[in-house]
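Written out below as structure tokens is the structure these notes cover.
Chain nomenclature is as follows: A, B, C and D, assigned in order of appearance, with residue numbering initiated at 1 for each chain independently.
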Amino acid sequence: MTFFSDAVFAIAMTLLVIEVRVPEIHVHSDAVLGQALLDLLPKYIGFVVSFMVVGRFWVGHHAVMGLLKGLDRRLVWINLLFLMAIAFMPFPTAVFSDYNGLRVAVGFYAGWLIVLGVMNRWLIVSALGNPAMLRDDADPADVKLMRRSSLIPLIIGTLAFALGMIQPIFALAMLVVGSPIVSWLVRRDRRGASPSA
Amino acid sequence: MTFFSDAVFAIAMTLLVIEVRVPEIHVHSDAVLGQALLDLLPKYIGFVVSFMVVGRFWVGHHAVMGLLKGLDRRLVWINLLFLMAIAFMPFPTAVFSDYNGLRVAVGFYAGWLIVLGVMNRWLIVSALGNPAMLRDDADPADVKLMRRSSLIPLIIGTLAFALGMIQPIFALAMLVVGSPIVSWLVRRDRRGASPSA
Amino acid sequence: MTFFSDAVFAIAMTLLVIEVRVPEIHVHSDAVLGQALLDLLPKYIGFVVSFMVVGRFWVGHHAVMGLLKGLDRRLVWINLLFLMAIAFMPFPTAVFSDYNGLRVAVGFYAGWLIVLGVMNRWLIVSALGNPAMLRDDADPADVKLMRRSSLIPLIIGTLAFALGMIQPIFALAMLVVGSPIVSWLVRRDRRGASPSA
Amino acid sequence: MTFFSDAVFAIAMTLLVIEVRVPEIHVHSDAVLGQALLDLLPKYIGFVVSFMVVGRFWVGHHAVMGLLKGLDRRLVWINLLFLMAIAFMPFPTAVFSDYNGLRVAVGFYAGWLIVLGVMNRWLIVSALGNPAMLRDDADPADVKLMRRSSLIPLIIGTLAFALGMIQPIFALAMLVVGSPIVSWLVRRDRRGASPSA
């Protein structure tokens, strides 16, 4: 299961680059190509932000799986739903990159982050809430911190959505600078631990 | 072999998103983009249904592989044929999404599910029918249930095909609500077991 | 290394489906869509033949890796060259599917199979010819058979190329029916063994 | 982590072929198709060079991971940044293939190799500089050589960039012939060892 999940994460993250397409230029000059490459800035930002967002979910997923003995039938299906939401990410990313000035595009993207956050939390709470699934050597403090940390992406997604409705660019700012701040707030009573690595 | 199979499943499932393409809109307004995103509904449905269908086959495949010591030459080739049918899924999914009102599209999609069902059953019956391949600790009740369960996708595919010929939308309804019902009917004499997890 | 190689094989095989694109039809009728799906026959054939060709190389690769303790620096690079040739397969397959009536297309495809055959043989002969790399429990008869079997794809590729120059369709016939015949000829003095599974 | 990283490398390398597209020819003749396939030479070169460049980074990454017990939180994130740069490679490769006569395209490609080289070195120096992460049986001579070798891609990328600014084709020459020369210079005091295999 871990192997299969890792492959879905890796593919979804690598496929994000497909949306960054080579610009067609009609005059073959350095100036024109240079400008065309600069104009793709929203595509680069979409790639980087989504790669990091999915990467962050992967780090959390990997850490949770490391605390479990296995997955029962129910967890397998919750995991598949979560992976489906991950596999879908290239689409909201492309919408966001292409129409980043429109509230609908930003809302669609941030809305999908909320969906991911909900499924991530559902998976983590279901997995860690079942003592029969936990490894015997799982540290209760790690388990508690991981459950609490699963709120982070949900909070960030919701804030990005709300801010994006006020002004699209605020959503992006939230995603870039909000993550470390919210993480710090949620984790501040257990500094120094590295539960997700 | 398990690793290779898992990778093919993961890639085929993640590639399904490639068919969901960003709409081109000619007026940059929230209303137009919102409508364009809504118009992609058949694409979303195709993605979700196919992801879950392939995911279900993966769950079964994973469970069967867990009961085997290894694969002999013949099983390796049957497995490759099955994986080929899985790898092909993005194409019938795209045909189904693009032309969901046409019987030929629905029949093509449901027909491919029948092909998958046949190959899945062929693989499972061949693998579990060979005592030399079974792990010594494989529970005979699990083996029996798994052989029987391998009929489920075949039944669902056939019903979806037949219903789709009457009315295309019925095929979709069958795929969404039929799976739990048929699963329940086939498994009802062994509730509580979780053989595929 | 095995894991990485398996992933490259799995991705190259699954990407073959990307070349099979949904037909655009201008009249939405079952007859028109049905005809359009039939017209894609060369695409389906290209997908199936290439999937099986690459699958066959994978089976052999997997078997060889199972006889080795590890790969030294030189083998790592030969393996990377072989994987590069495998990763390139979607391109000759697409050329072959699109222009199957032209000798250049058939020659390009069959020529690439010869390249694959040469690299495959190079890898196998290098790997199995180095006693320091062989596992201690590797059966010398298996090793000998595997070295000899590595000629099969080379022979088939060369025959397909030669026949394709006479008449394009002959190349396809060779690939479909030639493989079992040549395999039988090469292996006939060791029936019943299953070295590649 | 190794598994996930390997998958990202494998996918990024295999996706490079997507940029090599079947030429559309308007006269179906062997001569026209032959010429069209020859005209794709820059695409083939881009595929081969990038496959080998990424393959080389993979070989190094694989070797470094083999010396570590695990990755702490900080290394996980440096690794993710490195993998992001790897996953992005299909884009600079496509720009380079399409506009190989323009300094901006060559500079963009070689510039990205410098980015990869910097991240690769950052990851290797961070990982090997932390004694708590090193495996107990890691040979100090291997560690030292690996740290030093991590300068190679950085040097090659910088030389390719500089030469490409003088004349675009020089960058390519550097990438093809420079790698073995620079490798030899950096390693010459430890011939015969095979630290990256």
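Remarks
The rule is short, and it goes like this: contacts are C-beta pairs under 8 Å (C-beta built on N, C-alpha and C of every residue); 3 or more make two chains touch, one makes a residue touch a chain.
Here the structure is a predicted model, which means the values were calculated and not measured.
Two copies of one chain, subunit A and subunit D, form a contact in which under half of the residue numbers belong to both partners. Annotation: 26 Å between the Cα-based centres of subunit A and subunit D.
Subunit A and subunit C have Cα centroids separated by 37 Å.
Taken residue by residue, subunit A touches two or more other chains at 3, 7, 11, 15, 18, whereas all remaining positions touch fewer.
The touch graph of these protein chains is a ring, one cycle where each chain has exactly two neighbours. Listed by label, the pairs of touching chains are A-B, A-D, B-C, C-D. Subunit B makes touch with subunit A in their complex at residues 3, 6-7, 9-11, 13-18, 20-22, 25, 28-30, 33-34, 37, 47-48, 51-52, 55, 58-59, 62, 194, 196-197. Residues of subunit B that touch subunit C in their complex: 1, 3-4, 7-8, 11-12, 15, 18-19, 70-73, 75-76, 80, 83-84, 87-91, 94-95, 98-99, 101-105, 108.
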